[in-house]
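These notes open a run of structures that come right after.
Here come two complexes built around chain A, the first alongside chain B, the second alongside chain C.
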Partner chain A sequence: MTENGKPKLAMYWASSCGGCEISVLNIHENILTVDEVFDIAFFPCIADFKIKDVEAYPDGYIDICLFNGAIRNSENEEMAQLLRQKSKVLVAFGSCAYEGCIPALSNLTTKKATFEKVYFNNPTIDNPDRILPQHSTEVAEGELTLPHFYHTVKSLDQVVEVDYFIPGCPPEPPQIWAVLQVVIGALTAGQPLPPAGSIIGAGTMALCDECTREKKEKTIKRFFRPYEIQPNPDQCLLEQGIICMGIATRSGCGALCPSVGIGCRGCYGPPDGVEDQGAKMLSAIASVLDVGHESMDEDVLEELIQEAVDTIADPAGTFYRFSMAHSILKRVKNGKGAA
Partner chain B sequence: MSDHFEPVIVGFLCNWCSYRAADLAGTARIKYAPNLRPIRVMCSGRVDPQFVLQALRSGADGVLIAGCHPGECHYVNGNIKALRRFTLLRKTLEQWGIEQERVQLLWASASEGTVLAAAVNRMTEDLRALGPLRWGEKVLGDNGAAHLVVEEV
Partner chain C sequence: MTDQKKSPAEQEKVGVYICHCGSNIAGTINVEEVAQWAEKNPNVVVARNYEFMCSSTGQELIENDIKEKGLTRIVVASCSPHMHEKTFREATERGGLNPFLFEMANIREHGSWATNDKEAATSKAKALVNGAVERVVHHAPLEKIPVDINPNTLIVGGGIAGITAALELAEGGHHVYLVEREGTIGGRMAQIDKTFPTLDCSACILTPKMVDVGQNDNITLLTYSEVESVEGYIGNFNITVRKKARCVTEELCTSCGICEEKCPQKVIDENYGAGISYRKAIYRSFPQAVPGYPVLDKENCTYFQTGKCKVCEQVCPTEAIDYEQEDKVITFDVGNIILATGYDLFDARQIPQYGYGRLANVFSSLEFERMVNASGPTAGHIVLRDGVTEPESIAIVHCVGSRDQNHNEYCSKVCCMYSLKFAHLVHEHLPDAEVYNFYIDMRTPGKGYEEFYHRLLNEGTHFIRGRVAEITDADRHPGEEGKLIVQAENTLLGIQQRTPVDMVILSAGIEARHDAEDVSKLFKMGCDHDGFFNERHPKLAPVSTMTDGVFIAGACQGPKDIPDTVAQGGAAASQVAKLISQGTVLMEPVRASIREEECSGCRICNTLCPYNAIEFDEEKFVSRVITALCQGCGTCVAACPSGVIDGAHFTYTQVMAELKGVLWDVQSDVLTKQEVA
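After this line comes the complex of A and B, so read on.
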């Protein structure tokens, strides 16, 4: 703490969409309390700060830094290191920083394929000279550089030590406010902080636990893509053959998506005790699939099950939509499977 | 690649059938490839896909899941569940660029020592042809630091 005695707050975006910042601002009038309690030390989304300012701070000057966004390039990693050094408490804020999220879906392909798509084979791009961004370019005035674009997207904890994780794409404002209150309590009234390394601002169970849809035994014959089916408004979506990640996702959002008829996408990451959210989902899906019987011929069995499984269009992209960087394998081998 | 590549196969073998088949292959002195590292599970339905991924991540070149024939599972339909999981896992692994031959499912009863031995031989040959997987080193880079590999486009 410094001059005015207020604790310092920072928020920084690495590879992200900016939704996490909006979510913080969505705590509504409570933002005034945040402003009252904290001094903003760095928050490029809402105020003009330069990296130089952060570099000039002594180590540990920032009391709490909310870091959102994944590590996609060398600049993201440098900023993670800088903010780690300057912050007492570093929070991986939101799914990207926590587990890779949408940016890490590109771990299902290669850097080469990503560049091809973005700079060449894209209906809105006309690039006949096949110009690509370069790490270094010589111009009359000297050398211009861009960050290195990494092969594999990483989560924040894969490059620096992280104190807390807040899941969600984005984290829900009431959860953010609850976390900030705990931090404020700790800084102003000496209340205890949760143990280091915890996942905060979320539940511990599977999302189904807080979903109010009616659950019966799940006997699914095939899966439907959202446009193929009009869901019954009260029944569990998964029972209706709609992929709902609720069974492999951490509670905390209040089951927002299922409550409006959309299968959970899995943005709160895996519940306690699950390492690989996608594999857990895969396993659960296979368990509720009621196709094939032990009395059948082996060939018939295989065929029936294959047919049912083929009603899931993109299992890797669906089950690992948010957790690719934190998955056991982390990226695909050569990207051949994902065009 | 060296000619001396010996694939490592992690095998999850059901206690009631395939593990006994492996035992039988041993007591009957059936000669087969020594590449299998067997792990006994109570049923093929116990094999969590996370086990398979963890094996591949930790250095296995292939994974064999072996259970009782359909209709013969000790727990009625654990093996049917295993087949569903395996089918979906195989589809997912394809998206990972992992060749089908690397993860296989086999039915072998307690009396089928020769079936198990033949499957291990076949799989060893398949993997020899594919070459080592070495996920940590080849895909993730040293230390898992694959992001530091600056790939030319």
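After this line comes the complex of A and C, so read on.
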């Protein structure tokens, strides 16, 4: 790429689905402005670059790198380190890079169990010889290697220093455009950037602040999965027994899911001041569960509570759907204390 | 995060003090090692160990170090904060620091007393000290909240405990609202004939007190009334009382008693009369009732049931009968509350093998108490259920429902003594009767109690040590014919014994009131495992509860005899008098507060507060904590899903720092370990 004085933009995907890239492209015609302002220095989704190209850049060559995807294997981590070294501003872009997202749910199981599920017990796999991917394989032409598959999925900030975090699965296009405008303003007009370490492209409070549904005092008798109930269009979904993570989720998306009757999934992560989104959600829900009566026998009460709790399908996967890597729980034990 | 904590670079200067507590702590924990280890923490400037930190020299250590070494935070590792948190907070304050810049690590109850393993105890002490150090650097200075004390007091329960407390306060010049569920005050003591061990007439010593209550201008007596709601906090409680309709206009009634006399409807008196005497449908439980106004029992009144009668209205000389009278709801404000709600008697029907309710001549202790009372149904004559036959032999069974794993495991404390009193009264009334006391252990701790037991030993009572297995009327030989046979193992002789008697008295134990738990919820305090109200400290705060401004007295706290009950009534009154003379109290600043500008208005917290201290602002769509009502329990803090409720002195940062500090040696940071297998 020719030296034309334009700031350099990179976007990379580690362990991710590609949705973040689509979301960037979803800023529509504004992408032309991006192209006008930036030179693309590395963006495997839309342009052909090789790692050796990046390696050849001087340190800090890339002005801003949007890094999406979690750190699942050694290659993801190497790329994170390389891009950290080559970038002035490294942004954890989207939920995977910010807090682990769906890939980090595998921290609720073990590497061994994950491999068994994927390579042996998968209905679409026929693997009679029980072959597993190996880090190193000898072939006639020499040694072939694959990246190491880690036990634990990490967020980007757990392997390198991160300047900004943009939450969302994926981040909402208007928020992306707003962030890019701030960066463009900083690069072209010398406007100030937010303080390093900030979560940008989102609000600070809980999503309920943006949600227009009517909220009342909450007492919940049982929970419903989406197919089990036709929600009242105006009332708070949680009050109707639909798990809505909005109470423990950062605002910024405009409450898109609740506005169409789907409980917030929590993809913007916890609001300011909350470290563990899942724990907070659990604590809040436990507080408003309204079954039985204090005068009841403890055994009976326990049974009733269990019945109500059993109406929540996959609590860990629900409450930690996006934030497992950042959770206080970290991961399930993995034998012999190996991480 | 919301803590106004300085950046970690700005280190606090922490002083750590490890107390030996004589050998209580130092006997198990290597205090020197803990102190030396603690000093290695980069925030710790000085770590000492000292024999008694709570002594004045121990406290001076803290004060001097603050002044000389410029300490900014204090940690004392010693006993429970229940014991000495206040002591050390004050020492911290005298040294010139805000008292809340102090933290206590409990290495005695949670450490040296919990194990004999010196190594384990020392290691745990380190963890607790480290937790406290890591926490205290995040502490923020807090100011106590002053609250005015309303000088009026609510006393619930008009038994001897409530009467004593009411008179103590009223005679000291303070106004008291005395609320009693029944139509008269007097309580259990009014049912009793003689009191042990002095054998004074119970009524003779009680009724003057009752009269005093009735006549004292400082006492608003609300009988036949129940507390419906309690709102507020120490110094400022708002009370709602329902004064049930007694169908008698109090202002007109002269207590002449003619209505009671002429009322044609007799009702078994289950309550005061223990079910062995009658009262009328309009009645006073006993002639000396205070107040003297009768109560009309609508459920048994002929007029209310059939629409015809109205005899009482016709005979009343002052037209005081008012069939239309309705319940009155009264509200008033008080600064303090004393609960003296008394006890229920164990229902002997729960032990079917003792035959109570099935075998006619098995009596409950309360039945016997009423029978032997000169104002009771037999005018004090001891007779069998037929009402005429004097028994020739009587068995008194101790520990009915008490010291029994199937019922109440605790000792009811008064039954041995009242059983001895019964034996004495039988000897007095029926000198020729044989009396058998079946006991497990004879428990007579109290002034003059053991002497009373010895008196009974000389009066010819037969004492048989052994729990009664069964009381039956199934005779095995002619000698048992027509008798009740008490089957028990005489453990002193090692034989099974069948004792034929004419009459059995079951000495039932004391239980918490059946509705004690509801009452405890109404007043927002707790009950113990057995259902009695929980005191704040079993030894040092026996009449206080965990709720400031709410005190307890008498058997509602646990089984008690009359002297102890009276003492507690007085103690509770003096606690209240202390607060009244202080005029204001400083409330702990450990309260929750909501950062309104960050509240999303999700309303999760709205239904949670046990003190109703959270309100929702419908205009701003935010929730708010009413500081004065908040008791700092932390329920809302934990529940707030967006972390905008701060619990002062228990902030997220403080709690997490303490946890991490305690877990200093088990933190295997999963993310820094070798990843590749």
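Keep this in mind: the second predicted complex is superposed on the first by the 330 of 339 C-alpha atoms of A that agree within 3 Å, B and C clash if a C-alpha of one lies under 4 Å from a C-alpha of the other, contacts with A are read in each partner's own complex, and residues count from 1 in each chain.
In the analysis below, contacts are C-beta pairs under 8 Å (C-beta built on N, C-alpha and C of every residue); 3 or more make two chains touch, one makes a residue touch a chain.
Note that the structure is a prediction, hence the values are computed from the model and not measured.
Enquirer: Scan A:280 for contacts with chain B and chain C and give back first, second, both or neither.
Expert: So A:280 meets both chain B and chain C here.
Enquirer: So, A:330: does it touch chain B (first), chain C (second), both, or neither?
Expert: Both: A:330 reaches chain B and chain C.
Enquirer: Using the superposition on chain A described above, determine whether A:272 touches chain B (first), chain C (second), both, or neither.
Expert: In the superposed model, A:272 contacts chain C only, not chain B.
Enquirer: Look at A:152 in the shared chain and tell me whether it touches chain B only, chain C only, both, or neither; answer first, second, both or neither.
Expert: Touch status of A:152: both partners.
Enquirer: Between chain B (first) and chain C (second), which, if any, makes contact with A:309: first, second, both or neither?
Expert: first
Enquirer: Looking at the overlay, does A:111 come into contact with chain B only (first), chain C only (second), both, or neither?
Expert: Once the two structures are laid over each other on A, A:111 reaches both partners.
Enquirer: State whether chain B or chain C is in contact with more residues of chain A in the superposed arrangement.
Expert: Here the partner covering more residues of chain A is B.
Enquirer: Considering only touches as defined above, state whether A:246 meets chain B (first), chain C (second), both or neither.
Expert: Only chain C; A:246 stays clear of chain B.
Enquirer: In the superposed arrangement, does A:219 touch chain B (first), chain C (second), both or neither?
Expert: Touch partner of A:219: chain C, not chain B.
Enquirer: Find the residues of chain A that appear in the contact set with chain B and again in the contact set with chain C.
Expert: Shared contact residues on chain A: 111, 148, 150-152, 154, 158, 275, 280, 283, 286-287, 294-295, 330-331, 337-338.
Enquirer: Provide the residue numbers of chain C that touch chain A in the complex, in ascending order.
Expert: The contact residues of chain C facing chain A are 1-2, 517, 521, 598-608, 616, 621, 635, 638-644, 652, 656, 668, 670-677.
Enquirer: Provide the residue numbers of chain A that touch chain B in the complex, in ascending order.
Expert: Within the complex, chain A touches chain B at residues 71, 108, 110-112, 115-116, 132, 135, 148, 150-154, 158, 275-276, 278-280, 282-283, 285-287, 289, 291-296, 298, 301-302, 305-306, 308-310, 312, 314-317, 319, 327-338.
Enquirer: Once bound in the complex, which stretches of chain A touch chain C?
Expert: 74, 111, 148, 150-152, 154, 158, 204-209, 215-219, 236, 238, 246-248, 251, 270-275, 280-281, 283-284, 286-288, 294-295, 330-331, 337-339
Enquirer: Given the complex with chain A, which residues does chain B contribute to the contact?
Expert: Chain B residues touching chain A: 48-50, 53-54, 56-57, 69-71, 73, 76-77, 79-81, 83-85, 87-89, 91-92, 94-98, 107, 135, 139-140, 144, 146-151, 153.
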